[in-house]
Structures are given as C-alpha cells and as structure tokens.
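Pasting a structure here, questions to come.
In order of appearance the chains are A, B and C, and numbering begins at 1 in each one.
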Amino acid sequence: MAHELNFLLVNVVNGLVYGSFLLLTSLGLSLVFGLGRVVNFAHGAFYALGGYVLISAMRLGFGYWLALAVVPLLLTGLGLSLEAGLIRRLRTRPEVDTLLATFGLSAMLVGGIEFLWGTGTTIVKPPLGFDGIVQLLSNDYPFYRFVAAGLSLSIAACLLAIVQWTPLGLRMRAVADDAEMAEAIGVDRVGLLGQVFGYAAGLAGFAGALGAPIFAVYPEMGLSILIDSFLVVVLGGLGSLKGSTIGALVVAVTKSIGGAYLADWSTALLFLIVASVLVVRPTGIFATGRTA
Amino acid sequence: MTLALAEIGRTASVRRSQVIAAILCAIAVAAVAAVPWVAKSFTVTLLTEAFVFAIWAMSLNLLSGHVGLLSFGHAAGFGLGGYAAGYFAREVTADLLASLLFAEAVVFVVAALAGAVATRLSGVAFSIVSLCIAQVLYQVAIAWRAVTEGMDGLLGVPLPRLLGVTIRNGAPFYWLVAGLMIATLGGLAVLLKSPFGATLRAIRITEVRAASIGIDVRLHKWLAFVISWMLAGVAGALMVFLKAGTTPMSLHWTESGNVLIMTILGGLGTVVGPMIGAVCFVFLRDFLTSAFAVWQFVFGLIFVILVIAFPSGLAGLPAQLRKLSWRSWS
Amino acid sequence: MAILVVTGLVRRFGALRAVDGLGLSVETGQIHALIGPNGAGKTTAFNCISGFLRPTAGRVELDGLDVTGWPPHRLVAAGLARTFQVTRVFDDLCVAENVALGVRSRLGLNRRLWPGGRAVSTVAKSTEEILDAVGLGGRAANAASQLSHGERRALEIALALAVAPKLLLLDEPTAGMSAGDAGQISRLIRKVAHHAAVLLVEHDMDLVLEISDRITVMAQGRPIAAGTPDVVSRDAAVQEAYLGQWLPGEPSC
C-alpha cells in the first residue's frame, strides 16, 4: 500500500514539475493569441532552441546559470526579428495564413536544429550544487526538479503580476479586450504584439533550457510540449490566462499519472478528456467569448 | 421571362463547351493510361505515388478548401486507413475489395466519433484539435504493439488481389491507382457542383447566414469530415499496398504538413488543383531528396514562401468560384 | 391566431440582465415593431427568439409549437426567418445563387448529390419570383459583393423570404439607407406582411409609426409600453425613456 502511494506521489510531483514548464509555454502561447490572434505553431521550436542554445553556450565554456541567462536574450531577439519579418506581413490576412506560416516556420526551425546539432538526444546534467537527491516520502528525488519548478512557477507568477498590475500589462489587456478601441486611445497595437511575441519566444526558450536537465534535449522536444500547450489553451479557453493556468495543471498531472499507469495510452486519455470538455463547452472552460 | 429566353440561347454554347471539355478529359485520361508504355518504370512508380497523394489531397481539399475547416492532422485518416487495410490484407486476405471495405469501416467509425467532437469547432480551434487527433492516432500506432508492431511498423503486406488477379507493382498497380484517382476526381467534381457542394460552400462563406436559411451547419460539417477521412483512408490503403507496409510515420505531423502543402500548392478550393499539387510535390521532393534534416528545412521554407506569395490569402477562395452561378448546374 | 408568442423572456450575461421579462405576440398579417434606446436589449431578444442565444428563462412559441432554445436551422424549418443588422449575405456567390440556397433549403434539397432534374427548374422559378418581389430581378447574375448597400439589404430580405417563413424577424432593415431606399423596403415589408407575421427592430421612428400595427418599447431589458402606435407615442414613460428625443411627427436623429 505504501509502495502504491509512493508511486502515485512521485508521479503527481512529476506532473506538477512538468506542469510548471507547460504553464510557461502555454501562457506565452495564450498571450500572443490574445493580443494578435496569432497562433504560433513555431512556439515549440522556440522551446527546443532554448535547450540547444543552452548546450552550445555550455560547450563554449559558459557555466550553467550564465548560459541559462543568455537563452532568453537570444530567443527574444529571434522572436522579435521573426515577428517583424514574417508575422507582421500577414497581419491583414486571414488568421489561417499566419497559422500556416508559423507551421512552415516550425519545420524550418526544427530542420535547422537537426542540421546544426544533429538528430540525437543530448543529456544535460543539473548544475553543481543543485544536483543532489532529496527524500520524497521514501523515494529518492532529484533536487533540481524542485528548483526548476519553483523558478518556473515564480516566473509565471511574475508574468501574471505584470499583466495584472503594470502599465504594460494594462495595455496588453486593453488590446486583448478590444483591439480597435485600444488603438483608438493610442496603444501601439502592432508594436505591442511584436514585443510580446519576442518575450513569449524568450520565455519558451528559457523553459526549454531550464527543463533540459530534467527532460533532455532532442530536436522534436518542442512538438510534444506544443501539442500539450495547445490542449491547455483550448481546454482553458483561447486567450484566457486563468484558463491556461488551470489547464496546464490538469494536462500535466493527467499526462504524468496516465503515463505511469497507462503507458503509451495516456495521450489517448488526455485527448478524451479535452474532447469531453469541448463537447460540453466548445469554447473552453474560461473562454473570453471568442470561439475561433 | 427574360431569364428563360436567355437560358435557351445559352444552352447551345453551353453544350458546345461541354463537348470540348469532354474531349479534353478523354485526351487526358488516354495520356494518363499511356504512361507505362512511354516512361521508365521508376517514373511510373513515382507517378503512382503522386496519384495516391492526389486522392489524399483531394480529400483534404473537400474539408479545408470547400468547407473551410483547415485540418492540420489529415494524416489521421490516411494512416488509419493504411494500417487497417494492411493489417487485414496480411492477417485475413489480400483481396483488394475486402481490405478496402474493412479499412473504410474502421475509418468511418473513428471519423464519426472524432468528427462529432471536431465539428463543434471552427477556425483555429478546429485546426488545433485536428492536429491533436492525428497525434493521438500516432501515439496509438506506436503503443498498440500487438496490432501495429509499434515503431517497427507493419511490414510484409502482400500484393492486393482484385477478383482473384494479383495486381503486381509497376503498370498494373499504376492503372489501378490512376483509375481510382480519375474516379475520385470525377466524383468530387460532381459532388461539388451539386446542391450539397453549394451548401458546403455556403457554410464556408458564413456559417451564421447558412444556419439562418435553414442549413444544419453541424451536420454538413460532420458529413464533409467523415467523407474526407474515408477518402483519405482509401489513399492510405493504396499507399500501404504500394509500399508493402507502413510505419507510424504515416501519421506524423510532417505528413499532415505534406498533404497540406500539396493541396495549397495546387490551389485550395479548386477541383483539379490538389492533383496538380500532388504530382508537383512528389517530383519536387524526389528531386530535392537528401538528408532528412535539409528536406524539412526546405519544406518549411517552401511553405512560408507559398503563404507570403499568395497576396489574396491562401485560404481565401480563388476567383473561379465567383463564376459559380445557378446557371452552371441547371 | 398568433404566430409568435413570447412569454417572460429572460437572458442574463453573468450579473447583467440584458432581457428581463419580455412578452409579446404577433399575428399573421401584423407588423410588430420592437423599439427602444440603445442597449435596451432588442437585439438580444431577437437573438433569443431566432435561436442564436439560449434564453435563460421564458418561452417562445411559434405557431403553437414550443421552440424555446431551438437552434437556428430547426427554427427555419418551423417557419422562422431573420435578417441581420450587419448585412450577412454570401458575398462570393451571385445574387441568384444566394437566394437559390434558401429555396433549396426549404425544399429539402441541401444534400442532393446530383444537379439536374425537375427540382432544378422549380428552384430557378422560385428564385426568380423572389428576386422580382424584392426588386433585384435585374441583378441576378451579379456577385453579391458588387451590390450597393440598399441592394444588399434587399438581398437579405430575399434570403429570408426564400424559406417561405410564417414569421419574419427583421433586424434594422433600413439601417444605413437613403430615404428612397428605405421607402422601398417599407413597401416591401408591408407586402410581405400579407402572408406572414413580421417582428422588426428599428430606429427609424417615422418608418415604425407608419407601418407598424403594434409597438413594444423596451428599456433596460424590460418592456415599458406596448400597444398601437398612437397609444405608444403618447405614453409618458416612453417619452422619458427616449429623453424627449422625439415626438410624433418630428424627425428622429
């Protein structure tokens, strides 16, 4: 009995750890959608790039934490350039065009990753001082996971605080609420989307780098978290940050427990849950009124 | 009535243009049929593959071009049909009709269920969920080792038999596929010109208006969804017979991307576009084939260029459909 | 015999009661106008009756049938048709095809898989009749997107007529129209009312007073007055609701 409880506990904790990363990527996705109705398919690729930039930085001699700090800077820069060069061009086109373009972009980025870094998996060791083991009930549990999860959650909390209480956040909420109105009162909608797109890319890359010692680094790592992020955002309601937070929790824990008890079938379970929710509420749990 | 008189006058010219169209079609069919006698066997195989993709692309076009539900997971029906047909052919009998029937039954059941959920959505939400559905099937293909043999794939699928005759690779299989492709083309052309096709287009233009003139939007979306899956399933089954097997990669998101690029390349919303796109795609890919990594980059680049180079919007309908008046089908 | 009977209609959005207890009835041959200042809940009520919103409470009866909460396409089959405040027609299609869609829908030909046959000429004839009735006969072959604003509003009405409704819901039919066009539309509405019941939302007071048989005035989700145009225009509560913005005979701005 105690053994079962242990097993369950470990998986729940694993789920929460994954959930904290999923939260970061989902929030980024949700923010960008809420602001500009842009669904960024390449979001997963940013996550993956974060892991790879970390590896390269470390190979160049940077320490783990320094390399980690470099990642969001580079990724934000990349995000800003891509937004200005590609996404902005499609601003006046039907939404699906952006969806298609980011889909293509994603293939380009993953292809580029495989070309530059190869197709194999790279293990990253947790940084010294944080690589210890702690006791979780009677299990050995890597200390780093708590650190990383804690850091993710703190950053997510900061993000939510920024959106709720700062002038930048106010502008973001105004545009998300009623873009035309916001523009009419002088908010630079286009510039704001550019900024937020960049930050979201930086956030995703940071999550990828932060999670590297836990989840390893491989070219397709972005896809699975992207799918999960989509599920989170659709479940919680497109454009709703509160929905994404709850959705991330549900998806991550379900995936973890499902993965432990149902092995490869867990994804099917996950989709069943999302499907059931959508049957009852097609716009997601906390939809902002926009269906698509 | 002035309209009626004008129509009588028009009948003559309509008849003439219909005759010309029929002649052109006959020539095209003859050309397609003649390929095995004039081309290398490698080209024949490549063209066979292209025609299978053409059927697949046409099925996507029905759902995404005509109803406007952009699917990012169209590998689902394709891969599912392939696995079902391949499994049946290997374990039960390689009779083509029986395998196709079995595959279609399986695809129908899954499509009906998935469609019931997916068609509650529109736009972006639908696209995302369609991708998720395909991902789930991909995971199932890897996980259900007992049936699908996991990552190793389903191998050793025998050649199909039609009415007792084994259809060998090369020319016979080519004719089979070409015939099915032409039948699909014809069938879809008729369907799209019918009232059913008009209803689907109306839904694409504005769901709200369609609903308020009495169209059961959800039902029609579901019908289009299921039909497009079943057609994709046929393509998938044919591919499995062509390659004597399949792997979970047939359900991968890059495959969904491939069929999407084919359809868009050829012209989303047109009738022959997907076929042209499929043929171009297959030959282009063959030409560009090198390391997988480079291919994926080029694929993405082409995609992005296509999106930008269509100023009137990729998913917007081409001007051809403007000409579709009630006269054209009376 | 009343075609439409609405009882106790309520629609809440969270704490906001957009419609709070609306009741009215419309008979065949009657034109019933629903008026009120902006935000009074008229469009919400319309959406509840026509199936685009589910009422929080209340009852909608169409020709004796309880259709509360029915989806739009089922309501159409039961004999209801509506137009929209913001013109929604099938832009990419030609005018005739627009109307033909509605006619086919009425005749149950939506899912027909082959063109041709006697049904085709029936549809064509019906389409012609309807287009002539709204005055768009000469524009049958034009794309809907090429029409002028007034013509598009007429097409909206044609679409509604295509389904041969017992009840016609018109949402600001003359919105944005010139006086001439508006006059044409009002004549059309009167013609249509011979065979159906008409419920309309309008801001053009002159039009309302001219063609309505009955008026219901709404403010803040509730009906504040109802009756013939004479009675309503003299009602003190109505005048207050409009803040004295109009008096009978004066133009409304």
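To be clear about the criterion, a residue touches a chain if its C-beta (ideal position, glycine included) is under 8 Å from a C-beta of that chain, and two chains touch if they have at least 3 such contacts.
Every value quoted in this text rests on a predicted model; they were computed, and no experiment measured them.
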Contact graph of the chains (line, ring, star, complete, other): line
Most centrally placed chain, judged by C-alpha centres: B
Mean-CA-position distance for chain B and chain A (Å): 33
Whole-Å gap separating chain A and chain C, where each centre is the average of the chain's CA atoms: 47
Distance from the mean Cα position of chain C to that of chain B, given in whole angstrom: 41
Touching two or more other chains - residues of chain A: none
Parts of chain B lying in touch with chain A, wherever the complex brings them together: 70, 72, 116-117, 120-129, 131-133, 135-136, 139-140, 142-144, 253-254, 257, 260, 264, 291-304, 306-308, 313-316
In the complex, chain A residues that touch chain B: 37, 39, 86, 89-90, 93-97, 99-101, 103-112, 114-115, 119, 223, 227, 230-231, 233-234, 238, 263-265, 267-268, 271, 274-275, 278-279, 282-283, 291-292
Touching residues on chain B, where the partner in the complex is chain C: 1, 3, 190-191, 193-196, 198-199, 201-202, 205-206, 208-217, 220, 223, 317, 321-322, 324-327, 329-330
Complex contact set, residues of chain C against chain B: 50-52, 71-73, 76-77, 81-82, 84, 88-94, 96-97, 100-102, 104-106, 109-116, 120-121, 123-124, 127-128, 140-141, 143, 159-160, 162-163
